[in-house]
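One chain, subunit A, appears in both complexes that follow, with subunit B as partner in the first and subunit C in the second.
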Partner chain A sequence: MIAWAIARQTVNEALRRRIMWVFLISGVALIFLMPLFGYLTAPKDSQTVLRALGLAAILLAGLFITIVTCIYLIPVEIERRTIYTVLSKPVQRYEFVLGKFLGGFITVAINILFMGVLFIFMLYLQSLKVGLDRGFFACITSGTFAPEMIRGIFMTFFQMLLLAALTIFFSTFTTPIVNFFLSFGIFMVGNLSSVTDSLTTNSNWLVRGTGTVIHYLLPNFGNFNIQNALIHPVAEISNPNEYMRNNIVYALIYSAVLLILAIIVFDRREV
Partner chain B sequence: MAAAIEIQGLTKEYIDIWRKQRVEAVKNLNLTVEEGEIFGFLGRNGAGKTTTIKMLLGLLFPTAGDATILGKPMGDNSVKSQVSYLPEETYFYDSMTAWDLLDFYARLFKIPGGERERRIRISLEKVRLQPEAWKRNIRGYSKGMRQRTGIAQALINDPKLLFLDEPTSGLDPIAHAELRDIVASLRGEGKTVFLSSHQLADVELICTRVAIIHNGKLLVSGTIKELTAGDVTEITVQGEKLTNGVLPKLEAIAPVVRQGNGTLQLRANETEKITAIIDTVRGAKGEVLSIVPHRRTLEEVFVETVQKEEGV
Partner chain C sequence: MASNTVRYPQDMTRRLPILASACVALFAASIFMQRLIDPGRQAYHAQENLRTTQAAMGGLNNEFMLLPLLGFREAAAGLLWVRCDEFFHSGDYDAILPLVRLITWLDPHADNVYITGAWHLDYNFTDSSERSDRRYIAPAVGLLKEGIANNNNIPDIKFELGWQDFDKIKDFPGAVEAFKMAIAGPYGDENIFDPAKNHTIPKDQDNEGYWPYAGPLKDIHMLAHAYEKEGRLPDAIATWDHALERSTKLLRDKPKDFGNKSMHDAELHNRAEILQRYYDRYTDLNHDHNNPSKLPAVHAAAANGGGKPGPFDIALRPLIEVPRRYVLKVSGRVNLADGGRIDVRISDWDYKDRVSDKDLRALQPPDLGQTILIDSISIRKDKFAREMDMSKDPKMYSFSNKLGPDKTGLYKIVLSFNTRTTAPHIQDYAGWSGEGLTDAQPGRVFYVSDEAQLATKMIEGEGGKGPVWDGKAVPFPFYGQPPRVIRVTYKINQQQVLGNKPITDADIVPNDPDTTIMLK
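On to the complex of A and B.
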């Protein structure tokens, strides 16, 4: 209940931050501009471009929203000294960290949900068969939904969950600026999981060792990028349900471990 | 009477990352605050007052020593429901209203819905925050309104023990007097107040006991009456020659506390000394302007104690 009260307050504060709105508006603008890019490509590729662009817009906006929202959640409380009035109340430090994480992630989830719904709606609009000979109702019901795109949005959602946990972990002991570069850097390296995976079988022991450490220690953000499989039918995943389930479980376990580490660090921190 | 706070050998040492520089913010502090009293905790800036409070609340970890709060170990979460804290320089979530802020803090105490609303109303009324400001963003509040909100959040759980760090600093005279009276009224409700303040006149007026801390070391503690005991007589004399040849003679009798425009002000306790001063002044053809009994103030006690420690 206490963690939930902190989470609610965190969402209220986070949704008022202008920088978050800048990234949300940028993402929304890109999704709105999708049809324009669609018209600029060959008709047979237009759906592919639209889908790739929409998912990329959600991923990019989600990435920056997650980082700029979560890096400040704990340091700002310490800097503004609002943490004194919170931790002097019967609030356990783990409840504070969990509340901040939940609040940060709910904010990110609201943003992803909003962009996701807009993206699916835009795809639907794009698929409408408009003709003068057809009635209005026939026109607006002539489109097709793209339910497979929900999978892509869902994976982005869990990718951001993992990133939020990572950012919260760093925020318990680093400054926001260091946290930004650390989280962003690890996200980038983690997205190259196919590359780091190949390094684990390298013949050079040093490269193999480094690759193994990076591949297994850093979160594999790349596993959540299923855009290719969704957009290009040739790049199909053999068992998409199992693939998604495994990666969701991976995100949940990895996030839980990061949060436990964040709680351990924060429990020993003086404020 | 039971002890609300019992501090034993509390020490806080800050060591830099290279372990080369050590700063002892609080040194072996021993202190007892009884239940139901308003206890003044005095000291210069950086004396260790806030560090002590933060250790008692579990925000900082002591290097050595121990303390109990309402019979439980300091930092114990179970005791925090009976304790509240108003930090120095109160910062709040500016985008919230006073009502929402208090609602948030009340939720942290797990106060249920209906009761929460009642407590918020009582707290805001008690600190005399105008009702039209209750649902306005704190961002637009004056310093006085913020401070009232700060005290209201400290009252939301109807605490037994309040830690108030500079509750009246930077306020206009009316707000200052009102908030001082609010703090004073808490004693009548049986609450214990641990008050850290630089407003020595306020402390003298509302506190039952005080402690003076300097460079982390407890210098004195006791009731106001004990600390300000030893009334003195202040003698103001005037004369052209007084500042020349007679001054050493007068200084040998009693300390000169003020000097200027051909006048001297001396302090003496014993009748013999007063008579000797009068005789010396008359002998030098000087004039005795006034002989006034003077009661020591807490401010004088504080300045004397701290200056003595600093070797001034």
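On to the complex of A and C.
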């Protein structure tokens, strides 16, 4: 309950941060601008590009919102010395870390949800088959939803969960600027999981060893990229539900590892 | 005496082993989960590996470089495709190819990019007289085959390969194989396309006769046309029957659909037309008032000219002049009706179509020093003539071959008439495989030895082996009729290309069996 109270307070604070709004507005603007790319010669291509860019806009905005929200959560409390007031009360350090993580992640989730709904609505608008000259009702009911896109948004959600845990972990012992580059860098390397996976079978033992360590030690953010199958619906994937389920479990387990590490480090930190 | 300092509160110290153990256990669990996820991720990100990533990153501009690293490969591919569209509309075809290569590395499931890229390679690289640069054919085929390997369940790319073979290269056996592949789908059976296994095909394509089959009905139509071009009539008729079966079902589902009705009628017409052509061309049966002859048409033309019934002498008499360096004027006479065309192929003596490497790192010809020109000259009033000015396009026609005794270069000019690619009104007396044609100079009647080109034998005595089709057995399992092509081959050297020495009949050599009848 203490962690939940801290989380609620964190959400309130995070939603007041202007920098987060800058990224949210950028993401929303990108989603709104999607139809500008809809002028390609083949209509099928336009749909492909719209879907790719929409999912990318959510992921890009979500990435920056997660990092800029979470890197400040703990350091700001230390810098402003408000942490003394909190920790002088019957609040355990682990509760503080968990509360901060939950608050940060809920903020990110609200943003992703907002952008996701907007994205699906924009795809719906794009799919309208008749014009307003046929009447407003006929026009607005002539479109089709793209429910499969929810899968992509859902995976972005868990990708950001993992990133939030990573950023919170780093924030227990680094400055925000170092944390920004560390989290961003690991996100990039983690996105190359297909490459690191192929390195694990390399014939050179040094490359193979390094690839194996990177592949299993660092969080594999690339696992969550299922956009391709969503953008090209004829690309055949067997058991997509099982794949998603495994990834959700992976995100939860790896986030738990990072949060435990964060708690261990923060327990030992002198504040 | 050493003091026992306690640095951390006791509860923290007590928690540490528990937390550390939990951390190790969970980390092991994460490795286990990752191993479970890896096969699935490989399916989602097939063809996305170190090689394609390196290749794609190496070609990307700074503005796009970050996108794939952040997991936005498809977004980067989409933006590059938007740029391709701009280049396409501005006619800047050279700029499109590297982008096509990058996009298909970034997003190997972008089927339309393979299709459009191959189309650019096939049709949009031309000389100043709009003749295609045939050196790009092999990379185009390679690109489509790569697209098929990456997207086995998408029939469109297979169809495009078939269309390229059918329309551009005139490789009808190749087209047959590609269309069959498109119809069969990824599981080798057009009826196996199980939505329960997530073999998803958008259902709104059912107006093409697609749903619930692996490929659309147009694939079957083109297969039938390819069989007919190849001279395998029983197979063509069986394929029209197959199409009719599907279109009848469609018509039953939507009886008032005009598209379904007209498509069904067209299939019936095409099937009947093949049979009528067969009877007219190869038999003395079922001739109607349009064809009162008592002879098969492939033997009637010679008889109508006062000769014995049999193949008709087209008497190809070519003349090749070199008015200026790298300008060849090909002309001559031939006893063929207007609408026929004489194919001309000018190439290095040892020209080979091939790709630069199996990975298709670059979508360009392997050897820009190779020369090949393929054109066809229309016949008007028994004559044909065209001047081919290759001096304006040295990049396409470098004539830098180094064969010959003094390494100055040897070239091949092949003039040919292939009935499989000619108009139906000429096929009406020439036959599908040229059974009705001959030339007084026997060396000019060239039998193609390629087994894949063998057609159904329709009539005795024109070079075919095995039984003659009875007009009824569908399909007929015997293929014994090779294409009979009227062909003349010249072997010329650099001095002749430069116009320093005339090209005469003395330069005519026996037809080379290695020179393909396909236009590539």
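Basically, the second predicted complex is superposed on the first by the 263 of 271 C-alpha atoms of A that agree within 3 Å, B and C clash if a C-alpha of one lies under 4 Å from a C-alpha of the other, contacts with A are read in each partner's own complex, and residues count from 1 in each chain.
In the analysis below, contacts are C-beta pairs under 8 Å (C-beta built on N, C-alpha and C of every residue); 3 or more make two chains touch, one makes a residue touch a chain.
Please read all numbers here as calculations on a predicted model, not as lab measurements.
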Which partner does A:Ser88 contact after superposing on A: first (subunit B), second (subunit C), both, neither?
first
Looking only at subunit A, is it subunit B or subunit C that touches more of its residues?
C
Is A:Val49 touching anything from subunit B or subunit C once the two structures are fitted on A? First, second, both or neither.
second
Is A:Val271 touching anything from subunit B or subunit C once the two structures are fitted on A? First, second, both or neither.
first
Could you look at A:Val117 and tell me whether it touches subunit B, subunit C, both or neither (first, second, both, neither)?
neither
Looking at A:Asp197 after the superposition, I want to know if it touches subunit B, subunit C, both of them or none. Which is it: first, second, both, neither?
second
Once the shared chain is lined up, is A:Ile19 touching subunit B (first), subunit C (second), both, or neither of them?
neither
Figure out whether A:Ile140 sits in contact with subunit B (first) or subunit C (second), or with both, or with neither.
neither
Overlap of the subunit B and subunit C footprints on subunit A, listed as residue numbers:
92
Across the complex, what residues on subunit A touch subunit C?
37, 40-42, 44-45, 48-49, 52-53, 55-56, 59-60, 63, 92-94, 187-188, 191-195, 197-199, 215-216, 220-229, 231-240, 242-243, 246-247, 249-250, 253-254, 256-257, 260-261, 263-264, 267-268
Subunit A partner contacts - residues on subunit B that touch it in the complex
54, 57-61, 77-78, 80-81, 83-85, 87, 89-93, 95-96, 104-105, 107-110, 153, 157, 163
Which residues, counting only subunit A, touch subunit B once they are in their complex?
1-2, 5-6, 8-9, 12-13, 16, 80-82, 84-92, 270-271
Given the complex with subunit A, which residues does subunit C contribute to the contact?
8, 11-12, 15-16, 19-20, 22-23, 26-27, 29-31, 33-34, 36-38, 40-45, 48-50, 53, 67, 69-75, 77-79, 81-82, 85, 88-89, 107, 109-112, 151, 153-154, 186, 197-202
